[in-house]
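Next come two complexes, and both contain chain A; in the first it sits with chain B, in the second with chain C.
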Partner chain A sequence: MFFEQLGGNLIQGIVLGAVYGMATMGLSLIFGVLKVVNVGHGAFIMVGAFLTLFLFSSLGINPIIAIPVAFIVGMGLGLIFYYTTIRKLIKAPELATLLATFSIGVLLEELVKLIFGSEFRGYNWVVGKIDLGITVLPMSKLYACIGSVLIAVLLYLWFKKTRAGSAIRSVVEDSEGARVCGINVGWAYALSFSLGIGLTVASGVLLTMFIPVGINPYMGGAYTLKAFVIAVLGGLASPYGAFFGGLVFGLIENGSYTLFAYIPGVEPFALTRFLSFVILLVILLIRPTGILRAK
Partner chain B sequence: MKRSLVGIFVVFAFLLAGVSFAGAAPDKIVIGHPACLSGKYAKAGEQAVGGIKACVEWVNTTYGGVQVGDKKIPLKYKYYDCESKKEVVTSLIGRLVSVDKVNVIFAPYSSGLTLRGAPVAESRRILYMDHGGASNAIFRQGFRYIVQTIGPATRYHEGTLDMIHKIAPNDKRLALAYEDSEFAKMVMEGARDHAKKLGFEIVFERTYPKGVTDLTPLLSALKVSKPDLVLGGGHFEDGQLFNRQMADLNIDVNALSLIAAATLPAFYRALTTMAEGVMGPSHWEFGVKYSAEQAKATGLPWIGPSQDQFMALFKKFTKKDMLPDYHAAEAGAQVLAYVLGVQKAGSMDSTKVRQALGELKFMSFYGGWKVDESGMQVGHSMVDVQWQDGKRVIVWPEAAKTGKACYPMPTFEEKAKDVKAIPK
Partner chain C sequence: MKQTQKYFPLIPLFAAYLFMFLLAENKEGMWQLMSMLLFYCALGQAFNVFMGMTGYVDFGYVAFMGVGTYGMALSITRLVQYEFLGAWILVIGFGLAMAMSTLLSMAVGAVALRLRGAYFAIATIGVNEGFRFLIEGARIWNGSEGMIFTADLNKILGRETAAALCTYWADIMVLAIAALAGFVSLVYMRSKIGYALTALREDEDAAKVMGINVTKFKIIAFITSACLAGLLGATAWALKTPYVFPPEVFDIHYTIEAIIIVMLGGAGTLLGPLVGGLVYGISKYYLSIFLPGFQLLIFAPVILVIIVLFPEGIVGMLKAKTKGTGMERFVI
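So, the complex of A and B:
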């Protein structure tokens, strides 16, 4: 019974972890290229969630179709916020960009609240389930997991195989050197920021495919906190590291629950959170750049 | 000398006049209320103010005022917006007592705000009536001037358990899974005690933290315990998540009851068919069958408007086409309790009215009303609501129900195929 439960929870953990990872890649990308900590990260996830809700409930559009739509909308939002706010603050003290991204987050939350209200919403997309014997996996969760992995692979290939990806990588390595070599660093910043926001808004769609309820303007807060933990786990400046960090986090969250449930007198959920942050602190102390970062 | 005599006469005349004013019955009884008209409890506050206005109007017009001695005195309702903030509640209670000279304070909505205002009312020795604070903790502080109309948290699930005990006496395996919050723990403390009295076996009990985003590990463990019925929840958002992830994991039980979520229309809007058959306790629902005839049958005195009259008055004062919910009903019923308390005491003195309320038993459109020594409500039964074919049906108690319970509820596989919870 113990191994059945543990196995079931680990499967659920991998599926959830992939989505968590995807939801963190945008944060890591923006930090990696622009050195901007996007504390309004969760608000962009929320925008993706509301977009899915709107497309599904009002127009009957399948959440899978909502992924590219959300990505494009997110890139548009990223460009708008980059050129109106972030660009002017890149050279300013870190506190300025922290406050700016915080303000953008609050602005988005209040705007969505104004349009949709503060009610907790949800949608019911029934596409069947797979009974694995030790656990039941809804197809919507499986699609979310596959979607996350696909996006992570595509992002990896884009960075490795395209000129734009190489340009961004060179800006990350040495922005002055990249400028001397003729790379438009400002353009690289704008593209990276909009790509990061695009990924984050798209991850909002994937998260609602995993959990299609609890959609409200302030839902992003919980994911922002998780995203920071995952980003540090994987390496704050590494989008791929963030993806693997998400997998590790999902496994810790779900797997440790089964183990803690066997300790008499404790509430397992309280300990899973405790463990997540203990691991975070230990990694920060031993390897401050994250698991997948050499430097 | 002459001037002094005139002066003494004038002072004496004023004193006499003062004595006569003091001895006369007042021309109005004032209810003071720090109401939540803005902030996070604004919706509940709007309902409560509408309910109070409706019942004040009924008392002043249909009932003819409050009988004190040989005089009928009208009620006056004085309220200010407390912005759903604790610090504003305390200052407003001071103002209502000192400046507006109110006779009674109606507490604001929520346990937190009610508890915050209670020591202020207590220090002013003024009756403090609680219509929106369900936490039992309020009544464990030893306050002497507080009286409750809303049912206490520990009684939320009594009706659910009573109903299942009656309709399926062999279903005894009970699972409790709830938010790690003061309110939910209080609700489940009551459920656990009542379940034991009825012979239920608690096969699973776990909590989850506030703001949880994934309940899969907890629900997977719950599934293994094979319960017949599950009582759970804490707040609206985790209630939605709870139901959704039970569906995802195919955790089929005969009954699922969720606090603070399942009775709200938004719950069904979010979950649609997955919410079919799910139940939730509520203090009151529009459609309950409490009436003067029922009161007579149960040997309780009846006071107040009928449910339809209450709704008409409520709409008149809110100027909106919305149905009164339990926030409105319990606030309105509190006006009726106060009126009966004053009449029984024959006075507006808070100490006397408090004592009279302690001996009071009655029924209104809201249901039964009776408090224990601490002032906690013990006479009001919660109603249990079940989603049946997209509609909320009151399935318990017998005295209030509008339909039969669908038991067992359809499985999640059936619900995915659009099978509705229709009682056999």
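So, the complex of A and C:
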């Protein structure tokens, strides 16, 4: 009984973890290339979620089509914020970019609140479910998981096979060296930032499949924290590390939920949120460069 | 600089607080606005001790106010049965608030202060949420139901004194905390701690090479700032409104406001949090009348503009303007 429940939750954890991983790749990409921590990360996920909600509820557009739409909107937002603020702060002390990305997050939250209001919303995309014996998996979650893996693979191929991808990788290795070799570093920064934001907004679409009625302007804060745990698990600067970090985190979250549910008198959901904070501190304490990354 | 001249900048600071107090005392209907302004000034002054002086930003700052609120709440609700303690319960409450915020800041600082810049910010961003979910999840201190202790406070002090405490004395205590935080900031700025922190803020590696124990000074500033936050939570929240709910006292909203106030006024200056607190508080007050709920929508882009164009804030610019004039020694 216990093992069935645990197994079922772990399967759910892997499915959710893949989406978590994809939702963190943008954060790691931006940190890896620009050395900027996007503290407003969760707000961009929230934008993606609202975009999905709007496209689905008002225009009847399938969430799968919302993924590329969100990606393009995100790239646009990324370019706007890069050229208006981030570009001017790259050379400034770290405090400046931290506060700037944080303010961008607050700005997005308040804008969305102005348009959609602050109550919790959701939508219902019925595409059936599959019974795995120990757990029932809605097809929408499965699609989200497949979508995440596909996007991660595409990003990997883009980095490995295209000139732009190699240019960005060279900037990650050594931005001065890249500049000497004739790479337009400013352009690589702009592209990486908008790509990172695009991925993050697109991940908001995928995450809505896991939160039936959890779409709210302030939903992002929880994902910012989770994304930091995941990014630090994977080594902060590596998008692929982040993807695997997401899988691990999904397993930890759902596995610990199953265990906490057996402790009488506690609220297991709140404890999993506390646990993610503890994991963050422990990793930062013992190995800030990431658990999953080989030295 | 002569010994007494060192403390000249306290004159405009304390004069402003005194003026605010007298205005609120004597002018009908000003008290509510003034108590809000004092809260924001105190919040800014306390936050500035760490963020302004070190250039590190603590996104989980509100957690220290939260545990301070719990410190006061716990001593009131748990000690109310020992009647002989009387009003000493409040003194114990302040002690507990300071002790709890200090302990939490030491625990967080032990991990976070070993890390630099971005990693520090990442380590602190979940502190408030983490602590909130620990209280709710493990159901300690009444869990998510929180605590309401108006009745206990009435029992300890008598109905009338308790009412006076909530509506009047709590605000006076917030004023005292704002002044204390300002005083501590200046003492730090004028001592070895301040010089070390300035060196650290400008270039941490260079400061280290010059033999400054940067970690020690970071910890001092971090704990001081947290302790002041604990006191602020114990007064402005626990005594002014005698209840505590985890989602309210760990709300990141207050960290956002602290950042706005400090950046607006000028990080690392003494008068900055006062100016920032007044500007933010007054705008919030009038915005809540004309455009309720819009203050963050307006202030978020304002902060972006400040970070990009005027990173030194209002007082920072004043400081540059008054350089070389007689006003110089008052503005810092």
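Everything that follows uses one rule, which is that the second predicted complex is superposed on the first by the 264 of 295 C-alpha atoms of A that agree within 3 Å, B and C clash if a C-alpha of one lies under 4 Å from a C-alpha of the other, contacts with A are read in each partner's own complex, and residues count from 1 in each chain.
Everything that follows uses one rule, which is that contacts are C-beta pairs under 8 Å (C-beta built on N, C-alpha and C of every residue); 3 or more make two chains touch, one makes a residue touch a chain.
Keep in mind that what you see is a predicted model, and the values were worked out from it rather than measured.
Trainee: For A:216, decide between first (touching chain B), second (touching chain C), both and neither.
Mentor: In the superposed model, A:216 contacts chain B only, not chain C.
Trainee: Which partner chains sit in contact with A:281 here, chain B, chain C, both or neither? Use first/second/both/neither.
Mentor: second
Trainee: Return first, second, both or neither, reflecting whether A:31 touches chain B, chain C, both chains, or no partner chain.
Mentor: Once the two structures are laid over each other on A, A:31 reaches chain C alone.
Trainee: Figure out whether A:68 sits in contact with chain B (first) or chain C (second), or with both, or with neither.
Mentor: neither
Trainee: Considering only the touch criterion stated at the top, classify A:177 as touching first (chain B), second (chain C), both, or neither.
Mentor: neither
Trainee: Between chain B (first) and chain C (second), which, if any, makes contact with A:268: first, second, both or neither?
Mentor: After superposing on A, A:268 lies in contact with both chain B and chain C.
Trainee: According to the stated criteria, A:224 is in contact with first (chain B), second (chain C), both, or neither; which is it?
Mentor: Second partner only.
Trainee: For chain A, which side has the bigger count of touched residues, chain B or chain C?
Mentor: C
Trainee: Using the superposition on A, tell me which residues of chain A are in contact with chain B and, in the other complex, with chain C.
Mentor: In chain A, positions 221-222, 267-270, 272-273 sit in both the chain B and chain C interfaces.
Trainee: Taking the touch rule as given, give the residues of chain A at its contact with chain B in the complex, in rising order.
Mentor: 1, 5, 8-9, 12, 16, 119-124, 126, 129, 131, 135-136, 138, 141, 211-216, 221-223, 226, 253-254, 257-258, 261, 267-270, 272-273
Trainee: Looking at the complex, which residues from chain A come into contact with chain C?
Mentor: Counting only chain A, the residues touching chain C are 31, 35, 37, 39, 84-85, 88-89, 92-96, 98-100, 102-104, 106-107, 109-111, 113-114, 221-222, 224-225, 228-229, 232, 260, 265-274, 276-278, 280-281, 284-285, 288.
Trainee: Give every residue of chain B touching chain A within the complex, in rising order.
Mentor: Chain B residues touching chain A: 180, 206-209, 211-214, 216-218, 220-221, 224, 236-237, 240-241, 243-245, 248-250, 266, 269-274, 416.
Trainee: Show me the residue ranges of chain C that touch chain A in the complex, using the header's touch definition.
Mentor: Residues 51, 55-57, 59, 108, 111-112, 114-115, 117-119, 121-123, 125-127, 129-130, 133-134, 136-139, 143-144, 201, 252, 256, 259, 263, 267, 293-294, 296-297, 300-301, 303-304, 307-308, 311 of chain C touch chain A in their complex.
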